[in-house]
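In the two assemblies presented below, chain A is common to both, partnered first by chain B and then by chain C.
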Partner chain A sequence: MGVTCVSQMPVAEGKSVQQTVELLTRKLEMLGAEKQGTFCVDCETYHTAASTLGSQGQAGKLMYVMHNSEYPLSCFALFENGPCLSADTNFDVLMVKLKGFFQSAKASKIETRGTRYQYCDFLVKVGTVTMGPSARGISVEVEYGPCVVASDCWSLLLEFLQSFLGSHTPGAPTVFGNRHDAVYGPADTMVQYMELFNKIRKQQQVPVAGIR
Partner chain B sequence: MADVLSVGVNLEAFSQAINAIQALRSSVSRVFDCLKDGMRNKETLEGREKAFIAHFQDNLHSVNRDLNELERLSNLVGKPSENHPLHNSGLLSLDPVQDKTPLYSQLLQAYKWSNKLQYHAGLASGLLNQQSLKRSANQMGVSAKRRPKAQPTTLVLPPQYVDDVISRIDRMFPEMSIHLSRPNGTSAMLLVTLGKVLKVIVVMRSLFIDRTIVKGYNESVYTEDGKLDIWSKSNYQVFQKVTDHATTALLHYQLPQMPDVVVRSFMTWLRSYIKLFQAPCQRCGKFLQDGLPPTWRDFRTLEAFHDTCRQ
Partner chain C sequence: MHFAHAFLPTGARRRTPSLPSRHPYFSGFSGEVSCPSASCRKCGRQSLRRFGWALAGEIWVFGEYGLRVCTLGFTSSFAKSYSVHGAVLLVCVPCLAHRKICFQFLLWSQIRDIMEAPPVTMMPVTGGTINMMEYLLQGSVLDHSLESLIHRLRGLCDNMEPETFLDHEMVFLLKGQQASPFVLRARRSMDRAGAPWHLRYLGQPEMGDKNRHALVRNCVDIATSENLTDFLMEMGFRMDHEFVAKGHLFRKGIMKIVVYKIFRILVPGNTDSTEALSLSYLVELSVVAPAGQDMVSDDMRNFAEQLKPLVHLEKIDPKRLM
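Now for the complex of A and B:
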């Protein structure tokens, strides 16, 4: 697993999500990237059941259970600011058994689907984030395979992102700052996706209110 | 046509000899005409026979005369010069059918081309010998008699010495660790780990570096049975490029008499790759060129360049 940066691409003015995705993929293909199949990252939210809450009435913690098609035999479970657990796919079955402690939030499943592109040692995934039937945004993930230390290759990644995202290049992800010399792992990618999904969830409420 | 002017042929006698041949031919044909005509009509049989015999004898005499004349002239003509430069191949030029079988002109071209080739090859070998790529300590072209009795000792070093040199170099740089093993006989195999950037497998022949393979930090360097994998290439293009550069480096750093200095310089050069992903190219200032970071390290200054940017 190489260093990965997950960011959101804002929808272009006057265009739909689909058209912006097409614009991006065309730019990538002009750069020389090759299409290499599809990918999917999804996330379900669970909150701690009321019965387990203490008498002080502390707020329930939200737990996210995520899957990534890049690691088809794994399942990731993480809390917002807490640790991330990498387990195998039987974890989903385990969650069913833990119904008493964790209840799934209704209509909370959010996922991103799209195509994978390979350019030299970079793996770029452009996906449409959907919640239910509606498309909510665009996710862009860039992985640089050869490097495993995040702080080493941020400038390199930034240069590559600028070459096809232009002015929408994001800043350094927070996970990069936390772990200076530690080896980057898939859990860090899932944390980035979780943050992205949460941002998109909060975002959508504004334009809907505007239309009404 | 052959070079006529420089041969020792007497042209006058030559043309006279040709005329003499013509005269001889006509007198011989007269003889046969006389025989064909037979005897002329005369009064008596004797008269006819005598006339016929006299005529016949005249013709034979003229043939004899012409033949002698021809012999005399042919002696005067002389032989063409034996110093003809082209010998037998010059005779090819006498072939008049140039369109279908241009043998002579092709032969001349091939000859000129091979002469030029020989000349250029001589120049090239002179230049190349100045930059010798041999890594043994033997002098080139020294005959068996003149070769000194003592063989160069740098190829047959005791393994303990090799171990000592390697462990000393291991302690030189803190971010580089070298692990030595000998799975296949006496040649050492080093696994060099450079920080968290890359791993290098170095195959040695006593204290000379033979081959290197560079792989990423997260790639496996062992085969399925747990042995060191010295053949498979890296999965990443950047490390494949660095492997090519490392092979160039091990050919560049050469000193057959002092191999430990060579290994030390090679490791110093390799250590500059600790900043493979952080250093921009010194020439163009960018990080990426065709998707690759600056993979070339200058042999003297250790500065980072893109493969296409290096001077």
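Now for the complex of A and C:
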């Protein structure tokens, strides 16, 4: 697991989500990237059931349970601004047992699916973020495999991002900010995805006028 | 013919009592069929004769539908010999076009479309995983008998390096509106660096079969990263108690035998200052297997027999101890 940056690509003016994704993937292919299968990252939201709130005296918290096809045998559970737990897939079975205490907000299941591209040491994943049947945005994930310390390779990552994202290049992810010299891990990638999904959830739906 | 009864909808009533018949395959009626609703009998009779099929069986009524649970046979012109082709469920459907009763041979799926399907309750999705059950037998030995037990186990169990372990277990509770809190056990290894933490959920022991030799309960085992305790606290769990377990581990096929001593932790969070809870070792024989494999408990009992009289492993119901 190398240092990864997850960002959102805004939908191009006058184009649909699918067309923008196609533009991006064509740019990547022209750059020389090789298609290497597909990927999927999904996120389910759970909130503490009302029955447990009284005994804790605190507002209900949201827990996100995420899966990443890059780590097929793992399940990630996290709280916003809280710890991120990496567990194996039996964690989903545990969530079923906990359904009296944690209720799933089924309507807010969000996922991103798309293609993986390998370009030398970089792994680029461009995905369409969907919530239910509607496409809500585009996610771009770039991983630089050889390096696991964020501060050592951020400038290189930034340069690579600029080469195909152009003006839509993001700033340094917040997960880097906390611990410059700490080893980067998959949990950090999931935190970035969670922030991206929350941002997209709050955004307005892609206006119908933009879809011809 | 009786398996066809399984396809009858709940609430169907049998209309005619089953009459004894000369032929062993048939009961109830034979030859001609009449529909319970007050419409044309002729059509039914005629169509049956046309096709040369004989139907014999029982008449059931479900709402305005008449159902036949019968065996289908082909009659020869002599109407005495039958060859049985199988059991069918016929639905008598009022044919509005002809204002006659027409028999239709329907597949069960079609029958269900016609009948009002009962409401389907939403079953929780378990994500395609199998429910695993833990089968457990427990016993104990005093400290001075430990060596002989270990010796016996080394002989009986699979040939492997004797394995010792030193684990720190914390038990977390989540209190909700339900009377009983939700219990989760978090266990970490103190002597193996880098091993993942082990989170375990154990359900209520399954009551029922008194003949079952072992305690059976649902179990979910999850390997997690090291920030498990912080995460559980964030979820709302609170630590109830903790202890250190130190002992030996043996395996025989799918059976796991653990002989360990429990140490009480004197200062919360400090695993260095511990004190033995008793002058004995706890012996547990357990198997984690998919639900429904009850022969596992027989194998366990047979193995436990071999450990007598050193240790008596038995099914101990935790509720009876409290």
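Methods note: the second predicted complex is superposed on the first by the 201 of 212 C-alpha atoms of A that agree within 3 Å, B and C clash if a C-alpha of one lies under 4 Å from a C-alpha of the other, contacts with A are read in each partner's own complex, and residues count from 1 in each chain.
In this text, a residue touches a chain if its C-beta (ideal position, glycine included) is under 8 Å from a C-beta of that chain, and two chains touch if they have at least 3 such contacts.
The shown structure was predicted, so the numbers you read here are calculated from the model rather than taken from an experiment.
Clash-free side-by-side placement of chain B and chain C is the outcome of superposition onto chain A.
Once the two complexes are overlaid on the shared chain, A:159 sits against chain B while remaining clear of chain C. Between the C-alpha centres of chain B and chain C, as viewed from that of chain A after superposition on chain A, lies an angle of 110 degrees, to the nearest 10.
Touched residues of chain A, counted separately for chain B and chain C, are more numerous for C.
In the overlay built on the shared chain, the residue A:195 is in contact with neither chain B nor chain C. In the superposition on chain A, no contact is made by A:42 with either chain B or chain C. Using the contact criterion defined above for the overlaid structures, shared-chain residue A:94 touches chain C, although it does not reach chain B. When the shared chain is aligned, chain C comes close enough to touch A:77, but chain B does not. By the touch criterion defined above, A:86 lies against chain C but remains apart from chain B after alignment on the C-alpha atoms of chain A.
Here chain B and chain C sit at a least CA-CA distance of 15 Å once the structures share a frame through chain A.
Counting contacts by the rule stated earlier, no residue of chain A appears in both its interface with chain B and its interface with chain C. For chain A in complex with chain C, the residues that touch the partner chain are 48-49, 51-52, 55-56, 61, 63, 77, 79, 82-94, 96-102, 187. Of all residues in chain B, only 196-197, 216-218, 235-239, 277-278, 280, 286-288, 290-293 touch chain A in the complex they form.
Per the touch definition, chain A reaches chain B in the complex via residues 1-2, 32, 119-122, 145-149, 152-153, 155-156, 159-160, 163, 181, 183.
Of all residues in chain C, those touching chain A in their complex are 124-127, 129, 174-178, 182, 199, 201, 203, 220-225, 227-228, 230-231, 234-236.
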